[in-house]
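Read from first to last, the chains carry the letters A, B, C and D; within each, the first residue is number 1.
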């Protein structure tokens, strides 16, 4: 029999007795801790914690919320409670390149991304066949309508599928500031450069021009400031100066696909804490 | 005012309520948890935990030990308690190559190895000048006396300096089975190969002959079985097939020195748990 | 207009004047060197060289072969000449896991593997749909017939498609010694362990049991000695001791798929030189 | 008997027959090629080449230069000729942190940096004892005199020791534009950030603030534009969000020391080619 499990995330100013209070409350309401990850960021005096636990007989979400509310009030905590049986609904947005989409679908099929992917959306028809072969509805949106109009279409689709997270998997359209605000911390983008270096267009060309010896990719929350949102995950590969720009583009694909999947995975496991424009990912 | 801090390590069969019991006991005896790292090894049903905490007013080791003994008995725990003000005394044993010794001394001088290094011992005089420049007593032992005799000399020096951990920093003598047993899990060796591949002599030559594409080093506890003791830390570097054996030896030094220091650091931070001949390092 | 290009590989005992002789012959027969990679293995006194060149007007393979034969005789060279317009025909053999097959097909579709893949063969029906979606014929062979019988079926398929390289992409059958000999240096296998450690069955279980801190995969030529053939490419990833065997298996997939593709790429670019059971890969 | 060896570097617009002409000239003047590394940068149509060769009987630098001048003129080559018996004279400049200085001295002592280090210069007295223990003269310069005055003192020391390369090993003074121009491509600096991100002061603080997931270091030629000179070598390490700024600083030291040594090594092996503000390092 598989257990019914829950995840609790907590952030607050650092102070004495937090862990004992949190773990005590879980134990008293009938929870059995499976995993506890915690970090005190000494530079800013903040405490971040994520606890997974199984509900034993008698545990109910309502009772836990009532009990934990008191502790949260005492320590001035921000907290979130997740029922791990409820899978997040994720939409993937793509344009013409397939490597990030394939990676997400293959990892999802392999059980590595704990979510549902009920819809794939694109501004081009090119990747429809991939959606089809994975039996996922594919929608094409028409960006020529103008940003306002087309984003309304987009949101209608997202709404129809109860989407909770949008993944821009090499989607070659900049979202409007309004969209980014409405979907704040709910849109993950992959940038094909090691941010904060090489923002904006053609990052591999920029990197080649500068003669850097490593190229990378960055998974981050999309914000109104292009390529400036909180970084979730990054990785790089070493490149030789014998590589052309085309080789950068080719080699970079492997980093991009790894990074987008790892960024989404961290989101789905409730590992990302936000503080003043940067993340603390606690695993 | 710096705090007086302590570290508690616990291992036992996995069961419900362990974390709440441990953290509750620390809170009740006047400890304030700073950091908690915990892992449940599902393959073997074991629980491992390391907690650092500050003692607030009224906390005493004796009271804590008395209180924790009851919890430990209830859960059949193996546990250890460390006063972080008590630095471990570490002896470094060397032969003729200096890179591991330098690395240990430079990292120690930089405050990265939380221990005392009261003595350096060698079977050769070559590195005495390094000990001198770091103001550490240097002893030369005479292995020609025979293993039994010379190890008695060695142990006398270790005993004189109250040594609690012996680090073999490219020390080119095999310790006797008796020595290894007396110093069980208290001798850390660096092997210049990626164990369990390339045991024994000339691992870089073996690696070159086999044509492997990465070479590595392994920090492990020394046991009577040569190069077979529990692995603490490993790292590798990519090598090109254009490298000669001499280049392997040269390049390998950087891995060896990193690995020996990281292995010792994990030991000093009480991060190493042992189970049936392998380690679980929980950071 | 794209150029007609050729690749020449040379290996011989090291001696004076080889490079000048090779490059001179290419120039004299109307070749224009695009890329020259060369290595002298000082440990064994061997010289390895790969030259790519474009044929200018008047260059013919026959004239080059005639001219180069004299040089080869003078220096006792082993040499091979490849017309880069002639793509190798590669068969992929699989069983039930799809990650290596997908990687090969996606990289091939992306133009990164310079070959044809006219056929996919399996001892199970599970992955037929992938072959279909990439429009490649899929054959199922029946291993229950007995090794001798079934390998005859296999070879018939290979022969029908003029196969020149067989890639075992997590194909879970050991080839017979006879097959390995007939296809000597023409079968590339992926082993999910860092060879020479963890040969044979269940390498991830072996690695977990031993408590290693990195896990890897090895692309190698299949030989009659299981998992002992010349290593072409290897890579590893760092694992934490908090990983279960199942996580090793899951994480290892990313290494396996990278390694198999890189091993095949090195083969197709004529970068692999063999010497007494090990490779020298010169890029 | 060790051979007398030479290194030739060539760069020019890409065109047919370069390699044959270069290797032919070496052969005809009595040189025996040991190693040839070459790269055609297709993005810019440039050819770069480095050849090491032994002079056999009859080879003289004068005769080679005379012969090669004609080839260089024909292909409009930039070229340099180095006698490998002539060691470059390198000055190391430091301030208060020792890790880069130690690394350079230890690698030099180990025979890995093919140069002489006749002098160490600092604007602080703190590291004089290290110079002493390696038996190298140590000079303290007085920056309070004003940049112009003090740089004159500095150049006097450099001149007295016939210095050909200046290595800024965490030297915490910005050189004047005049100094940078006079010593153009003869000053190598280590920046403790992954350039072009995190230029200027306190790069680790900047990196922490931004929440990047990797930190790095960059070895580059010093130019009048601070931290903007051509990049020679870079490396990064993965950092967890549980790291404080102080841990970034501590962990970054290992990258910095590796990067500065690798940058100097590439310089000494004549592997660095410059083109419009970026390097092509051909190994």
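Convention: contacts are C-beta pairs under 8 Å (C-beta built on N, C-alpha and C of every residue); 3 or more make two chains touch, one makes a residue touch a chain.
Note that the structure is predicted; figures quoted are calculated from it, not measured.
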Name the chain pair with more contacting C-beta pairs, choosing from A-C and C-D.
C-D
Chain A and chain D, separation of their C-alpha mean positions in angstrom:
41
Could you tell me the distance, in whole angstrom, between the mean C-alpha positions of chain C and chain D?
37
Sites on chain A at which at least two other chains make contact:
none
Classify the chain contact graph as line, ring, star, complete or other.
complete
Where on chain B is chain D touching in the complex?
98-99, 102, 106, 110, 112, 133, 250, 253-254, 258
Interface with chain B, chain A side, in the complex: residues 16-20, 23-24, 26-27, 32-36, 38, 40, 56
Quick one: which bits of chain A touch chain D in the complex? Just the residue numbers, please.
39, 41-43, 194-198, 208-214, 216, 230-231, 233-236, 240-242, 244-245, 277-282
